[in-house]
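Look at the two complexes coming up: subunit A is in both, with subunit B in one and subunit C in the other.
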Partner chain A sequence: MHFDPVANMQLLVSGLAFGSIYALVALGFVLIYNAVGVVNFAQGEFVMFPSYIAVTFLLPAITVFGTVVHWQLPIVGVYLLVLVLMVGFGLLFNRIAYHPLRDRGWMPVVISTIGVSIFLRNAAQMIWGSQPIVMPSLFAVDTISVGPLHIRPQDLLIIGVTAVLIAFQFFLFERTTLGKQMRATAQDRATARLVGVRVGRIVAITFVYSALLGTISGLLVAPLFTVTKEMGALIALKAFAASIVGGFGSIPGAIVGGLAIGVIETFGGFYISSAYVDAIAFIILISVLLVRPQGLFGERVAEKA
Partner chain B sequence: MRLDRKNFLATTGAAAAGAAIGFPAIVGAAPEPIRLGTIPCLTGSNALLGQQEHEGAALAVEEINARPDKVYGGRPFEIVEEDATNDNQSAVSALNKLLGENVVAIVCPVLSTQIQAMAPVMKTHEIPWMTGGTAVKNTQLGVPGMFRLRGSDGITGAGMTNFAVKDKKGKKIAILHASDAFGVGGADQIVQSLKKLGMEPVANEQYPKDAKDFTAEILKIKQAAPDVVLMYIQNPSDTAIILKQVHSLALNVPIVGSPSLGNQTAMEVAGKDAYGTYCAVDFIVGFNSNVATHFLTSFFRKYHHLPDVGTGSGWVYDAVYMLADTYKKQKGTDPKQTIASLKGIKNWDGVLGTFSADAEGNMVHSVSIGQNQDGKLHLVKKVSG
Partner chain C sequence: MTSNPNVTLSGPNVTLSSSKGGASRPVAIAVLIAVLALLPAFVHSDYLLSLVDTAGIYAIVVMGLGILLGFAGQLSLAQAAFLGIGAYTSGWLTTNLGWPAWPSMGAAMMMSALVGLAVGYPCLRLSGHYLALATIGFGIITQLVLINWKSVTNGSDGMGNIPPPQIGSFVFDSYGRYYYIVLVAVLACAYVAWRIKTTRVGRALEAIRENEIAARATGIDATRYKIIAFVLAGAYAGLAGSLLAHLTKFISPDSYSFDQSVVFLVMLIVGGSASISGAILGAVLLWFLPEVLRPLKTSYIMVYGAAVVAMVVFMPRGLVGLLDTLRTRFTRRPDAA
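Now for the complex of A and B:
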């Protein structure tokens, strides 16, 4: 196979776009893990459910509970509405799936998140059916062509929004009181409580923030994926792997891990074989863990241990 | 309770009254329902296909049970449904559960990979197995009573290849397929058909299960500079996403696909990106019999959407009606007798066409090549196996 700079550029854009989505979802995993010490297995449904809500309000006609509804609201308004609704969803998730079990160790909470994940997927099938649904994009054109290069504007949007969110995240954690309280809660909840941090409120905010990260991921990727009840689970699996590669609990690790998995699987599929692309990703995962069991940026895992 | 005269009279009186009330019900007891097993993939990433199977079976059973004589002698069908979900292990578990439910025949899931996983269990039960799985191997697994109600991948693969080479004058053929049993089996059929024409594919790419980004596969195919691309894919959602990416990566050559390209859902989801593509399908709306027209009308009336006839609901509807006709003719549901009767099926009219059983249990021996013109499938030609 000859070296083709145009193909490589297209692979890079696509790999970074999908890697960005993995990174955002991986961040959701890591933030909740840091705040409450458990993996939230419903993180994928934080991607799927808001996507369904968005298409319900966006499309000229959609079947909900077997009845055709016609909302067709403006796209930006729908995005804002979904974000607001998902704030409530994050709070509710915290109150139902985590809060009642918070003093019973990690296992009941993990099982609770798995339960919510299954419930949401079944609820989605019951509400919207099994048909894949197309979410309209913000862009009027599907592709921007520059000479032989064909790039999807949605890919560029994903990369751009992810970059802004990562910058916002660093600003939040390094420069704001809220961010410092979140970090303090992540490092030692008891001490944070002693110095006056309202840990319960910070945990609730963390769930809301993770839900919003999932929502943004869903809104970004749905025009490429189609909306199905499985869409979140597929992303969450890769994002979980990404957060382990990066070092579970590490925010830079989640970002680097997500981007790395996205880019490696795209280039691996092209240069080695797309049939073994998942195997390639997991060989890399195992190799990284053999060399650095704590992951690429994994100091925090050691601290937690 | 003490049984004095008063109590005795009250008890016997009540018993007599009960017997009198119940008597007609005992004499005219409802005929025993005929329990028919189905195993659609109701959950998981192929839930759409499962839903379509469920709808096809439910419609047929509703219509048959509304007839005065129902299946025969007043006996209605009763569907016993188990979820095959999305993996082989669950399909086998669902099958084992169903086999304990006293069913007289089973309509299998449409996924060939699940049928092949279930085969060792199926071999031990001599009942009719009605399948829409198109992998050639499905009817060669040594399962007694296996009947396929759709064109096999052998017919479809050869039809697609011949159309690409002879009609579209393709000299460089590329293949893109799913990595499941359906995709691999179909791609093998295309490679064999190309070999018969003295050709080899210039690219043969498969994508892993649950993939959503196909940039690598499409770019590899683009690098091989084919003049026709053949796609062998089962999942309608995958099909639609691939067509969108083919369009956005400017792979501007004729596309000829397996039946999922003509799937109603795939065509709706892909929209303009599917315009101009060709596919080998079991069924094209507008080129059908009275049976098919009745099916389309009834389906729309019941579900308020168009059916995915070939890949989804049509073959299941045919399977249920074929069993009903057989039971009616033989006035019984004995599985061995039913298998023998089904083996003798000749020129039976169903939604997907005219069915005749061959020695392997294949009932359909032709498929149609259609073209998506502005979102509607138009017949190009019929191809036979």
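Now for the complex of A and C:
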């Protein structure tokens, strides 16, 4: 096989960009899991729904509930608006899908998040129709040349924003009272409550934070694909796989796992098989589970159950 | 957090099928079977009969999942994949090798069971969310193979002309006739599940569900029993897949998606996970729910999603639990706990 360093560099950049998206969504999974002990199966809809809201305000013309609207607001304003709306969404999600079931173990919550996911996907289809919608990006050009490389500026934006968010999260968790309360809640809710942490509020904040991570991933990734009701589902499944590969519950694990899956998947899709590209994440997942069930950074899986 | 779905979902094992009915219970079951056997005489709509047949087939898949999740407490999201393996085994054997339908059904069941063994053996070292995730991965890989292995599966175009079963010259080629095959299969599967539940294997599974470490301490080979449950769940889904293939005569990969596995899980949870009658009730109810909601047109699946959330919030023990509560309230039997 012909080995082309330029092509490989381009693959690496694009792999890191996808990996960043998986890492952000995986962080959302891990934060909620740590706070409430439950995997949120509607995490993909945290990516999909805000993307639809964004295109509604961005495009010169879009059909909403069968009527054409022409908002076409400035892109940065739309991003801010979507983030604000998703704060409310996160709070509502916590209230409806998690809060009433919080004392009933993990399975009912899993089922209810699945129910919310079905609801949102079909709400999206009802509101915006089933045609894929193209989201405008911040950039006027699709690719830029860096030396011999042709790179999508959107990829660089994704990697950059992810790096900033990870740094922000590190600061939040290590240096602020709120972050410490979130960590305390994740570690031991009963003890956290004993020392005065308002656990219910911290859980709500965690849901909001996780919804915002999903929103940012959606806004970043949608210009590369299209906005569809299914766009979040596969991203979320791969992000979930990434968080297990990294070691479930581990924040560095989610980041490294996400990046690793993005890069391996991109190279695998290019060199091995583009038809099976979506299987790669799960083949890695099952292999990791068999060889090192606790993941790269993780605790022992068997005891977490 | 608890690793046990059943304490919270199904509660104590008070269900229609396991409550004390005395001598009246076999009579009730016989009457029920007689009524079910006469159903095609009263239902003349082909459309309705096709829905009933499919509901029965889904009840088999959900019963299989019930053995795994309800009895053994292990969550799998690969039931649709096993359904697909069964359907394609049957489809391939009949259309490519010219096998008759009946042995193909047996082979489909065997094939799904064998794949279940191959997947279950490594995966059942995991539990909880991790097992769920590994099975999701397996399901997605299976669907990709069905789409891309064109020489065998014919890819996205699907596989057609799958013949219906026949006995002598009697061909089960109408929904009314096929109904009896489905009915016999459902009853047989329910019987097997009931036998499992009430014998040694069932008690071992229940012990594993309640506390795996304690079960191991009492000498139960937990891994072996979990694999048995996983293989049985696969075999049930394989049989159902084959039944579905011979009913619809056409199969394509998009029917065996992750979303379909989720639907099976929801059916079981809504019905009541540790109960055989709950599995059947949940499958039938949720299969007909979209039909009832059809006047809502495009919003019906959305309402379906909301209904699922409402059912989990307001009916913690599923339909069976709800019926049980109602029955206790109306009959006020002192022994009904």
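As a convention for this text, the second predicted complex is superposed on the first by the 292 of 305 C-alpha atoms of A that agree within 3 Å, B and C clash if a C-alpha of one lies under 4 Å from a C-alpha of the other, contacts with A are read in each partner's own complex, and residues count from 1 in each chain.
Here is the rule we go by: contacts are C-beta pairs under 8 Å (C-beta built on N, C-alpha and C of every residue); 3 or more make two chains touch, one makes a residue touch a chain.
Here the structure is a predicted model, which is why all the values come from computation and not from measurement.
Model built by superposing both complexes on subunit A: subunit B and subunit C clash.
Contact with both subunit B and subunit C is seen for A:275 once the two complexes are overlaid on the shared chain. In the superposition on chain A, A:285 contacts subunit C only, with no contact to subunit B. Looking at the shared chain after the overlay, A:80 reaches neither subunit B nor subunit C.
In the overlay built on the shared chain, the residue A:131 is in contact with subunit B alone; subunit C does not reach it. Within the superposed three-chain model, A:293 lies in touch with subunit C and out of touch with subunit B [touch as defined at top].
In the superposition on chain A, contact is made by A:100 with subunit C only, not with subunit B. In the superposed model, A:122 makes contact with both subunit B and subunit C. In the superposed pair of complexes, A:112 makes contact with subunit C only, with no contact to subunit B.
In the superposed model, A:64 makes contact with neither subunit B nor subunit C.
Two complexes overlaid on chain A leave one subunit B stretch from 111-119, 201-209, 273-281 or 309-317 clashing with subunit C, and it is 111-119.
Comparing the two complexes, residues 121-122, 125, 275-276, 278 of subunit A contact subunit B in one case and subunit C in the other. On the side of subunit C, the complex with subunit A involves touching residues 1-5, 7-9, 75, 122-123, 125-130, 132-134, 136-138, 140-141, 144, 147-148, 212, 258, 262, 265-266, 269, 298-299, 301-302, 304-309, 312-313, 316. For subunit A in complex with subunit C, the touching residues are 33, 37-39, 96-97, 100-101, 104-108, 110-112, 114-123, 125-126, 233, 237, 240-241, 244, 248, 275-276, 278-279, 281-283, 285-286, 289-290, 293, 301-302, 304-305. Subunit A contributes residues 1-2, 4, 7, 10-11, 14-15, 18, 63, 68, 121-122, 125, 129-134, 142-143, 145, 150, 152, 224-226, 228-231, 234, 265-270, 274-278 to its touches with subunit B in the complex. Note for the complex: subunit B touches subunit A at residues 43-45, 47-48, 50-51, 179, 205-208, 210-213, 215-217, 219-220, 222-223, 236-237, 240-241, 244, 247-250, 265, 269, 271, 304-305.
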